[in-house]
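We call the chains A, B, C, D and E, going by the order they appear; numbering starts again at 1 in every chain.
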Amino acid sequence: MANTYQLSRESLTSLFGALRKDGRRILAPVESDGRIGLGEVEAPAQVAGDYLQTIMSAKEVAFPKVERLLSYTITPGQVDLKDAEPKAAPTVLFGVRPCEAKAFGALDAVFNWDYRDKFFNARLEKLAVIGLSCTKADEACFCTSVGGGPADTAGSDILLTPVADGYLAEVLTEKGTAILNLASDLFKPGNGVDKVAVAAKVEAAFDQPALTAKLPGMFDSEVWVDQSLRCIGCGACAFVCPTCVCFDIQEEADPKQGERLRCWDSCGFHMFTLHASGHNPREVQSARWRQRIYHKFSYYPQRYDQLGCVGCGKCTRACPVDMNLKEHLTEAAGVTA
Amino acid sequence: MEALKQRAIELLEKGEVKAVLGYAKGTGQARRAFFARQPGQVDKLVLDEACTQNLAAYATKHEVKKLGRVAIVAPPATQRALIQLMAERQLRDGDLAILAVDEGAIKELGSAAALEEHLALKAQGLDAKDKTLLAKLDAMSREDRWAYWQNEFSRCMKCYACRNSCPMCYCEHCTMDCNRPQWVPVASHSIGNLEYHMVRTMHLAGRCVECGDCGRACPVGIPVHLLTISAEETVHELFGQRAGAKAKLDYALSTFKTDDKESFIR
Amino acid sequence: MSRIGVFTCHCGENIGATVDCAKVAEMCKDIPGVAYSVDYKYMCSDPGQRMMQEAIKEHKLDGVVVAACSPRMHEPTFRRAVANAGVNPYMCEMANLREHCSWVHEKGEATTHKAADLIRVLVEKIKHNEPLFPIKVPVTRTAMVIGGGVGGIQVALDIANGGHKVVLVEKSPSIGGHMSQLSETFPTLDCSQCILTPRMVEAAQHPNITLMTYSEVEKVDGFIGNFKVTVRKKARKLDEKLCTGCGLCIQKCPNKKISDEFNEGLGTRTAIYVPFPQAVPNKPVIDTLNCTFYKTGKCKVCEKLCPTGAIRFEQEDELVTLDIGAIVLATGFKLMKTDVFPEYGYGKSKDIIDGMQFERLASASGPTSGVMKRPSDGKEPETVVFIACSGSRDRSKGVPYCSKICCMYTAKHAMLYKHKVHSGKAYVFYMDIRAAGKDYDEFVRRAIEEDDVKYIRGRVSKIYEEDGKLVVMGADTLMGGEPVEIRADMVVLATAVQSNEGSEELAQTLHVSYDTYGFFAEAHPKLRPVETNTAGIFLAGACQAPRDIPETVAQASGAAAKVVGLFSNDELTREPIVAVVNRLPAPAYSHCVGCFLCLSACPYQAIEQEEIKSRSGEVIKTLARINPGLCQGCGTCVATCRTKAIDLQGFSNEQIYAELMTL
Amino acid sequence: MAEPFEPKITAFVCNWCTYAGADLTGTSRIKYQSNVRVLRVPCTGRIDYMMVLKALHKGADGIIVSGCHPNDCHYTSGNYHARRRWMVFKKMMEVMGVDMRRITFSWVSAAEGARWAQLVNEVTDQVRALGPYSEFRQIVGAGIE
Amino acid sequence: MSEKNIYLPYLMRIAEITEESPAVKTFRLEFVDDVAAQSFDFKTGQFGLYSAFGEGESTFCIASSPTRKGYIECTFREVGRVTAALADKEVGDIVGFRGPYGNVFPLEDWKGKNLVFIAGGIALPPLRSVIWNCLDLRDWFKDITVVYGARRVADLVYKRELKEWSERPDMKLVTTVDPGGETPDWTGKVGFVPPVVEQLGLSAENTVAIVCGPPIMIKLTLPVLQKLGFPPEAIFTTLENRMKCGVGKCGRCNTGKSYVCKDGPVYTLAELNQLPAEY
């Protein structure tokens, strides 16, 4: 059960100070050349003002685009393996949107459903999320269609909702409480403001449970072919996605030494499933587009009992050919099987 | 616009094409590629300033080729791309019905020769914004230029939106996919990104049709199109050849003149 | 890991004095994949090679790095040695410790380290070496010679005498070429036809030579040893087998006023004709453009009179496809026309003639039977001006080069004239006298000193007609540019030698390169002067550059020697250092996308199109294919290929990458 | 105390002219600095710009690319193709901000043994003066978490 | 305390290399670390990721039987960057191994049944493990039949073992090569695998069929088996999807809700019928 407090705008400076004093780095949305991206900040003033979302998702904090899994040296008849330790600095993610905060749950599901991934875990363990509710949304947003909301608490350790003069602060987890304890004097008792009233209004676009239920039956539907005809098969959607977790393992070596790197990958690339023999289980773009949707909306629910999508709309905004996920899902939901 | 729609309907109704590839309204103010496959869908076609995507990128896709003969709405940059694709034998003369669009006027071009002639009438100019940026880069010190690109590339994640949006990047097996040897690292780290953009630039030098789509495609706003455009301009300056001008291949980097200037060689 | 042996050679003191070879050998043992490493005084010596071969067997080595001198020196030696030990020769590489290390650096740690580095690079390369096998190309031992002038005849005879079949293709009705038109030849002044006609007859009668006159090459496919040449046999309108060459048809042909090509327009011929009396074959052709029958549908006098009934008005051109192993181009030259000289009145005056026309005037078999008569009125010219360098070395005429033969033939012309018209005056305007060659300068001297030909160093600025004379205005630069004016009866322009009609088209048909002036390009200006860049196609004579008869004949014999060499084996064996386009199973077939950007990068036209077809014959994909018979292994296409579909055997991407990763 | 900086120089040379020229340097016993490591390819036409990039990746401080003079190419035109490639490549590298003082293109014939020694010495001295190409080395390995 | 790095391979020393057919090799691998060797265990059907250090990892099944202790074996064809690097290795060289991963053949369930193994080309290795396992537990099962086909005689792998199997009285081995692939001294059958299976006169009664081979062979063999009366539950196969992690994360082998690396590689036809045909 969340404890709700009031946090003044000015007190953020002290909060940042306390966090940094505690040895944590603070990552927050910052603006550069008109683009919003995560960057390290020292003071609230550095945080971008009026932003909708970052272009990239916050997943790189726990799942960076390139990370070392191991390294080795080679001598005649011998290989010396060296385990890699993730550089997991205590980090506070400040000001991420509820959709993205929620996405860590989907990442966690994949990284730990069976074997545990120490790289992700080490980073996640050191990560605290101070989410920030949305007061506006755009045409790409559809969090409410996928079980989230502009002020949803899932995934945040503390969720801030902007209200007059400051924020409503919901302290949600132990990690949240630990932050509160760093500067408990800043957290004033709550005054019962209804956060729903200030949060953005995002209309649900489609009935997700119904869509999930019907997907298995529409695998061969033409709708995937139609929608994907203009898809150019790049990885922009997957790379900005806060839940996409597909990765590649790459070797970089010379005759004496080498390392194994984990790199983001995308099921939209035709090389993703291509066998060395030339056989490709997902030969055409429509099959790859379908995989992207099914993975998130059918296979995730079946395996992890949650969706692989948080409705943030980043993919739609990033897509060079305007593949609008909300629109396409709505269309799919409307297809009569 | 009406002429375009009318012709599109005709082409579809007569069965001359299986689809008309043009632009339609997208998210918000955006325009997107649209395949009108029935006469009834033609109404969705739009044509305005916001229609910037180079649709020629679709012309070489298996999925599109499989549709059958397609009519393509082709603003100047697309026209240039199409003729270059013909020169590089990726499209055969007559594979497409080309609905050339020039400042609102529509002209249907049936053959490579017609396209070549049509293109010859037009002056090619760079976007003013790009010119400014290029001049700015040019004016920088070498160190600043290095720092500038390193900073830009630090955002690159090798999503290949630039590559995949490019009409000239039609290779099924890109250099980036070559792993024997792995000339360019797959990983999107600093050196991997730098080498990727260098190779992409070199591959487009003499082939770039200067549509700028790669730069527009980049989700993180790296002006990668400046690289290929400047390489293309270099080729033009040095050798007088230009991509997307002739239906017969005239690739600057596999031709030569014995008196090419070589002041830099010692 | 591969089992690589490293053999470090001291080369006596040559390497050993500067590089610590024992240490290098020791260091190399630490390279993964090196199974054996040793140093030795002289690796190339017999004991050295034996030691290497034993080590290969004993340690089951599959690759060898010999660290010794330059591979340009001993690579063949060591590759042979390795092959004798049962390892593919291309699994042997040489590290150049001598020329690139010990001889150029001071003794010391750094030099020893560099030596080890050089080896390390090649060890990594060898891990990616593939066994390669010499490429064998079957050879069709029939040559085709294109052009039946003196050069072509010489090539044909030399190859035929070497025991191989030759097809001699000539586009005009007779072989003989320009030389058959000449009166006498420099510097001996012997009769041109007297020396040429026996060779023409010899060629015609040689059992190994097939003459195809009045024929042109239409199409060439294939490659060295395996060309398929399509020849168009133009219709003579005559059954050659039946024709006996009696000449009755020619005598009786009513159409006699046709300008005669052989006499350079100075005489006439009939519509059915042989170009000249000694023509080989001595079979007439009907000139359908001028024949009355073809113009009006009536006449057929020749048909009616022909004793053997050989005339065939309905005969059509015939296309013949031949299997050919090698081609020699001997298509000769043409002379620049006199009508391109505004300063000489565009050659409108009949008495301004070119060198070849003069040859016909001087020839005993010519239109004047060798009596000097000027064309306009048949008068004996009392004063003749010869102008050398007419068009040659003249950028404004597009001919910056020297035509080479004019100095000599102008001297000859002046002499011939003086011999025929003893009282006549001969003047030669020249820029320089280029008379390099055996007895050449003596010849020119003779013209000046014995035959009293007046040589004036200077240019002619203008010629105009006045009172039946040609006024030649020039300057004598040796007299300080003093104006010279000569009232001549005839002017002979030594016009520039140019590439023959249709040379560029022919070059394109054969895929050989040619220069700006249309002359065929030799493969190397010094070392491969009779070869073209296209393997199996050779050059003889003036089709490559202006040449005189001795040079043409010499080059012809050279080209013939090349062909005979090529034909000395059933198969042509070539180094396997060639480019290949990768092939994959369906559905990709290859990484090649068929953009053919490589096509124009290849200096040897070795890149071909290959169509992948489905079972129903539909083209699925068009790929580049490299003809190993033509590829010379430069690798330019490899660097051009974006998809890395092309690779160069022996210097593959993997090999070079491995080398680089070692640095 | 730090060791004095010795630049790493990688040279790409064609077999027929520059490699032979360097052989001649050897047979003429002309000395030059030992920093250079030569990679032999058949022709400058074979030299892919990727090779130059990889050499930089592997820490080369200076690079030499050398082949036959115009007109001398063993394969008649490989060097002409290479020359065009280098012209475009050089401009591209400049636009990217690469320090082109570190990359030298040259023609050295089989007869120019002395010229090869001179070239290597000049390049080595120049690159030594420029110092290690740390700008480039810094990005190798960067961007990996 | 830090968690274990699931991407860290065991170091293995190549103890033996057998050249099976052109470009196909079998490695016998022994653990460099004795402790790892002691604790290592796997079941038939499982696979691993094999590292060629310097080039990367490649996935193949463990081709030896779990009943043979102290080593594992793998058989691979040289097709890509990693397999080419592996093929260059010599006895004594070090490679990496991660595994065992994936599910297993349910030998317990097969007790008392007839077994028919059907394999084509390079797909015998996954069956070799289970065949040896079953032969080592011979009294668990009734009749054991192995049908193995390849394009040419030279392409047959495990020639030594084929000979051994053909001489065993307690099993039946049928080998076949495609028409035109036979050599003069070939004594096996000539023909494609599916018709050969059809002609064997197999009874589906109390029998399970295990099929591994190139997609086209599987595609044509399944109807034959179904015609013979094999229910989908009694037909087993293994999938060969591309993999990178092997531990159900990288997404590459994802087919429907299944991760082949976790839920596979062993599937019954009944299970496969529930998956989209993306394999």
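Throughout what follows, contacts are C-beta pairs under 8 Å (C-beta built on N, C-alpha and C of every residue); 3 or more make two chains touch, one makes a residue touch a chain.
Everything numeric here is computed off the predicted structure, so don't read it as measured data.
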Moving step by step through touching chains, the smallest count that connects subunit A to subunit C is 1
Chains touching both subunit B and subunit E, listed by label:
A, C
Using CA atom means as chain centres, which chain is nearest the centre of all the protein shown?
B
Relative to subunit D, which chain's C-alpha centre is the most remote?
E
How far is the middle of subunit A from the middle of subunit E, if each middle is the mean of its Cα atoms, in Å?
39
From the C-alpha centre of subunit C to that of subunit D, how far is it in Å?
36
Centre-to-centre distance between subunit C and subunit B (centres being mean Cα positions), rounded to whole Å:
43
Let me have the rounded angstrom distance from the C-alpha centre of subunit B over to the C-alpha centre of subunit D, please.
34
In subunit E, what residues contact two or more other chains?
80, 93
Could you check subunit A for residues that touch two or more other chains and list them?
66, 74, 77, 248, 250, 253-255, 261, 277
Multi-partner residues of subunit D (at least 2 other chains):
49, 54, 58, 71, 77, 81, 85, 143-144
Among the chains present, which pairs are found to touch?
A-B, A-C, A-D, A-E, B-C, B-D, B-E, C-D, C-E
Residue numbers on subunit D that touch subunit C, as the complex places them:
6, 8, 10, 15, 19-20, 22-27, 29-34, 37-43, 45-49, 51, 54-55, 58-60, 71, 74-78, 81-82, 85, 117
Along subunit B, where are the residues that touch subunit E in the complex?
179-180, 182
Touching subunit B in the complex, subunit D uses residues 49-50, 53-54, 57, 70-71, 77, 80-81, 83-99, 104-107, 119, 135, 139-144
For the complex, which residues does subunit C have touching subunit A?
29-34, 120, 124, 584-588, 658, 661-662
Considering the complex alone, what residue numbers of subunit D touch subunit A?
58, 143-145
